[in-house]
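So, here's a batch of structures to check.
Common to both upcoming complexes is chain A, partnered first by chain B, then by chain C.
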Partner chain A sequence: MTAVETVVESRGAQAPRDLRRPFWTTRRRDQLTGYLFIAPQLAGVVLFVLVPVGLGIWYSLNEWNIFRGELTFVGGDNYAALFSDPQLPAVLGATAIFSIGIVVLNIALGLGLAVLLNRRFRGVTFFRTVFFSPVVVSVVAWTLVWGFLLQDNGGINALLAVFGIDGPNWLLSGDTAMISVIVTQVIRSVGVNMVLFLAALQGVPSELYEAARIDGAGAGRIFFRITLPLISPTLMLTAVITIVGALQAFANVAVLTGGGPGLSTTVLVYYVFQQAFEFNDIGYGSTLALMLLTFVMLLTLLQWQLRRKWVFYED
Partner chain B sequence: MTSAKKLGAAAAVAVMGLALAGCAASAPEPVETTAAPGSVDLRMSVWTSNEDQLALFDEIAEAYKADHPEIGEITYESLPFADYNTTLTTQIAGGNAPDLAWMGDLSHDLIDADALVPLTDALKGTKGWGYDDLLGSVTAEFSADDELYAYPFSNSPFALYVNKDLLAQAGVALDDEVTWEKISELGAAVHQTTGKAGFVIRDFDYANWGQLATVWTGWGASAWSADGATCTMDSPEMVDAFTFLHDAAFVDQSMPGPGTTADFFAGDAAFTVAQVSRAALLDGSFAYDVIPLPSGPEGDYSVIGQAGVGVLSSSPHVQEATDFLAFLTDPENAEKLAQYFPPPRESLLTGEKLAENNPKLTADQLQSVVVDQLPDAVTLPNHTGPAEIKAAGKTALDAMWLADADVKAVLGATCDALTPLLAK
Partner chain C sequence: MTGSHRIRRVILIACLIVLAVPFAVPTIWMITSSFKPLAEIFRSPPALFADNPTFAAYAEAFAFQPFARQYFNSVYVALIVTATVMIVSSLAGYAFARIRFPGANALFLVVLVGLLVPGEVTIVPLFQMFKQWGMINTHWPLILVTALAAPCVLATFIMRQFFLSLPVELEEAARIDGLGRPAIWWRICLPLSKPALSAVAILTFLASWNLYLEPTVYLTSPELFTLPQALTRYTDAYGGQMWNTQLAAATMTVVPMLIVFIVAQRQFVEGLAHSGLKG
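Then we have the complex of A and B:
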């Protein structure tokens, strides 16, 4: 064997090893890095969202006697109970009124405040702080204080009495209890939407306003033809988070009215709490929780689908 | 309960508000423990956070540990009263039940589910415990089929507290005729003259409607039949009792209306109905008296609020927990506990004995509002599923607290709401 042949044979033997790509390619390293970054969030979602949803589905198919520790498979009985529950229609009605009230008032007030506070005037920072500050207050503390203010002999009626007005029994009258719950919730949370709208408003190019004014457009026309379309992505965002937040609102109902008078302020999430934790009916409570989850998903999906019709840039 | 179930319950509580449970009942055997020294830790759930009371419990626990080397730690877990039932239930559901627990209206559910250890044999078998010393009227709520499941350590009768200063300010006085009609009449006079409240049913707040048993019992009414199967909220006696209350709130204004707060112990009301144990709230800022509940149309009556302590059958140390309970409630320790909680033992029930540790009330007052009331007292309404019954009743009775309410119709609707729950 010549020296040349030896070299060729040697290269031939090493060729497969040299041609094989190393396992840790740049792409694989990038993928691993990505997975490591999302791993904590993924673990959280699996552990605290997917597993509980799966368990919730399982519990909804069972009747759980907590004290006896007995789990009895009942199939679709809990789902059938949704149609025979005499209180559920009233609860769903209260939930709809509460959610619509929160969404409409919160977005309208948040946008209105943002428009007002988007101008330059003395004290604008102070007013922005005032309207945002309730957001950082504990919801329970906030609600407890409002509970005292809204009593029949509380601060609100005392203030009205100064003007000769005999105020209603805010929290115990069927006509005013829901309004009270909605308004106290909106006042506390409107600051978030206001800040989001403010940021969006400040992102609208000023030359568009200048051009519109030169063309003779009035304030209303400018708002509806320029401002609103350009902040519509933010409007979409606030609509989604406000609806989801409204459907999850619990503390202010629990503390202010306890769902009363009657069932007038018993929203679905409070009803879930009552069934699962107060009445110890875990199976039916799980069924109601899944119904709430379905509502939230459907509403979010609906808004996502509709965004093309009214959100600027979403064509 | 398996680990998988525990994990499932914890995760479900975190996100969806779901929980699961597991425990099985078993009766204790009155035998000596074979546990290794220091190997048994006991935990007891309580709703008091009073430092003096907890110190007394600790003192009793230390005395017990001195004679029981198998005991490592005895801890008292103070849970907030407002959420006590929910918290205890969640602990049971999560496989983290205490060994012993105080209980109020949850007792029927626990007994019904065999979640409590039967105590009768164990207590009777404990030397010197004196089972026959227990009053029959106070053990009934915690018994089933002649078996005691919880020791009724607190039996506090409801009494009428009187603010004498407010009555004097209104130019009226309470004579020997103490009837509800009279109380309403004087309360209305105080309200009109001073602007303060007339009479307040403490803790009712137009929500905890079971507290109104302190009134309606005087009319001979009850929420349901003795066997708990039939709603009697719509009985003629109950209609009369609620008509009285409705008139007091909306016509005579002798009782603060819904949504109006008035704290008797802050001097805001002429009268209040509250348990005798609330006397601790009297701070001497006004002249007061404490007397038995007013007579109703059906005559004199008495109502008590109770608390019991039992052993959870899910405890891994049922034998030791039961033995500790027997020690905690023996005659000697029961006498110590009596300074805070009206005892169930006849031997301890004299005005003089109770007055030894009660700086607020005299021996005569304690004799008349505690000792004389206990033998014939009825308890506040209690039934299996108390939370659901309370919520359903409250929802229906909300319609009562309007000026133009139809009392009879509202009570009929209340029975419509309660009847399916009583049948559960």
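Then we have the complex of A and C:
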């Protein structure tokens, strides 16, 4: 591209006499093509992301009158309502436990599986396929099946009974419901992180391992001193992707527990849905949605900051 | 191979088999149980395979809801969305990678905002917008938003990164020969970008196939439902779940994707590595 442009420009410089040079030079035409090529994508983002965010901010300053079907400006009332909402602390608590639980379990399991499967033996491809397979199973189908297995007389408790354990009614008490939502979500999606970690592990030069082994370092030491620092960019990235994904996990909660029992699994995204679409409170629902957006933005910013400071190397 | 090596290998494989149980058994159980009569599903202790296999639940799945229609809805929405995303993202990705035009960087940042804002955040105002346009209870919101917002932005990003990694010389020769940008994009760059395009296609198809919040919000008529939403509606007059019917419908939803995954495994995994590592 640069070569062609230079040719065009130098020609222009050598021929200043030609005053009737057409407006549509090669270069201008090329620029127009650029705008046309990005136009659909740009229009999509403006129309379906930026405009809705703007509208959402406007709604958060208004109250929706269901009967008259119109908005009334109420200023900061919806924001004040955040502080007086008796349910919100429980919702935020559930959101925090859910997101942190998912990140910790997902990263630990994903990394563990990647380390176990980052070697050559018969059947390694088979195991990778098995651990990845839930990713392609539809969330709703996966959650429905687990919902059945987690019933009081379901498969999980039948399995526990074999070992003489009397399992709880998983989905009907707060703590076990939260554990169920987290674990089923992690099993379904950990394959993605496993693949990312496998790719990262394969990028660690094997000479480093050999050198460490010659120096007499044990497996644990090698893992924490060599592997972990070298894959830290991937670790950071997957942690943020996973936590942002957890903040958006709607289907899993909706199908498995419907936010219950009580508010125990009502995470923020589910609460937004309830307020806006079940209670038709568009103003407050939008305010909550903006809160969710703020969390996502803060996490992404944090990732950028940490990436600069903390990460060992980047290519 | 020494003895201790062999023992370690056996332990490793045993651990992996135990770990694999919660990953594989629910899917296998779903498939096998869809052939069981209702009484057998609840039998204790549970059995993996049916004693008296029957297709009754499959017939019921189609009789209870317009399931064939819902299946078609999911397929056609996913196909339209995937095709649109492949075109839109490869055009935008190419322009951002190759064409220099004023404001390109700023506009790229604007597009990236689409990755930052989750669809769950914009659904409330989007619902009002589509209501205004008379598109509630149609497939338009599913198609438009999925094909042009978040999944497409990720695709644009993947395509841009991919085009940046292609050698420019291939195009320069073509430009000197007088080929225009559209022709270069279509005849030179697209054929070379099959790995990135297949990654984009797979990610987009999965995203569209799994949509749940959006159909729940926008669609009210059962004959317009997509599969994830339809799966949750197999309840009897008392609100109890019709388990075997639900499992049969879920099996029909899941098995084609699993088959495609097993056949095209490499593309799946490489696609994800693409999107994640370079994202």
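Simple rule for what comes next: the second predicted complex is superposed on the first by the 270 of 315 C-alpha atoms of A that agree within 3 Å, B and C clash if a C-alpha of one lies under 4 Å from a C-alpha of the other, contacts with A are read in each partner's own complex, and residues count from 1 in each chain.
Simple rule for what comes next: a contact is a pair of C-beta atoms (placed from the backbone, for glycine too) under 8 Å apart; a residue touches a chain by one contact, two chains touch by 3 or more.
On a predicted model such as this, the values are computed, not experimentally measured, just so you know.
Engineer: Identify the partner contact of A:V195: answer first if only chain B is touched, second if only chain C is, both if each is, neither if none is.
Structural biologist: Second partner only, chain C.
Engineer: For A:A114 in the superposed arrangement: first (chain B), second (chain C), both or neither?
Structural biologist: Neither partner.
Engineer: Once the structures are superposed on A, label A:I231 by its partner contacts, choosing first (chain B), second (chain C), both or neither.
Structural biologist: neither
Engineer: Report for A:L105: first if it touches chain B alone, second if chain C alone, otherwise both or neither.
Structural biologist: Neither chain B nor chain C is touched by A:L105.
Engineer: Given the touch rule stated above, what does A:V130 touch, chain B (first), chain C (second), both, or neither?
Structural biologist: A:V130: touches chain C, not chain B.
Engineer: Chain B or chain C: which reaches more residues on chain A?
Structural biologist: After superposition, C is the partner touching more of chain A.
Engineer: Looking at the overlay, what does A:M178 touch: chain B (first), chain C (second), both, or neither?
Structural biologist: After superposition on chain A, A:M178 lies in contact with neither partner.
Engineer: Contact-wise, after the overlay, does A:F48 reach chain B, chain C, both or neither (first, second, both, neither)?
Structural biologist: In the superposition, A:F48 contacts both chain B and chain C.
Engineer: In the overlay, answer first, second, both or neither for which of chain B and chain C A:L263 touches.
Structural biologist: The answer is first: A:L263 touches chain B but not chain C.
Engineer: Tell me which partner A:D152 touches in the superposition: chain B (first), chain C (second), both or neither.
Structural biologist: After superposing on A, A:D152 lies in contact with chain B but is clear of chain C.
Engineer: Identify the residues of chain A that lie in both the chain B contact region and the chain C contact region.
Structural biologist: 47-49, 51-53, 55-56, 59, 153, 272-273, 276-277, 282, 285-286, 289, 293
Engineer: Which bits of chain A are touching chain B when the two form their complex?
Structural biologist: 47-49, 51-53, 55-56, 59, 64-69, 71, 87, 151-154, 169-172, 258-263, 272-274, 276-280, 282, 285-286, 289, 293
Engineer: Going by the contact rule set out above, which residues of chain C touch chain A in the complex?
Structural biologist: Those in contact with chain A are residues 9, 12-13, 15-16, 19-20, 22-24, 26-27, 29-30, 42, 44-46, 88-89, 91-92, 94-96, 98-102, 104, 107, 110-111, 113-114, 116-129, 144-145, 147-150, 152-153, 156, 168, 171-172, 175-176, 180-182, 185, 206, 209-210, 212-213, 216-217, 227-229, 231-232, 241, 243, 246-247, 250, 253-254, 257-258, 260-262, 265, 268-269, 272-273, 276-277, 279.
Engineer: Going by the contact rule set out above, which residues of chain A touch chain C in the complex?
Structural biologist: Residues in contact with chain C: 1, 3-5, 30-31, 33-35, 37-38, 40-53, 55-56, 59, 113, 116-117, 121, 123, 127-134, 136-142, 144-146, 148-149, 153, 155, 158, 161-162, 187, 192, 195-196, 199-200, 234, 237-238, 241, 244, 247-248, 250-251, 254-255, 269, 272-273, 276-277, 282, 285-286, 289-290, 292-293, 296-297, 300.
Engineer: Under the definition above, what is the set of chain B residues touching chain A in their complex?
Structural biologist: Checking each residue of chain B against chain A gives 1, 8, 11-12, 14-24, 86, 89-90, 92-93, 109-110, 112-115, 206-207, 257-261, 314, 385, 387-388, 391, 394-395, 398-399, 401.
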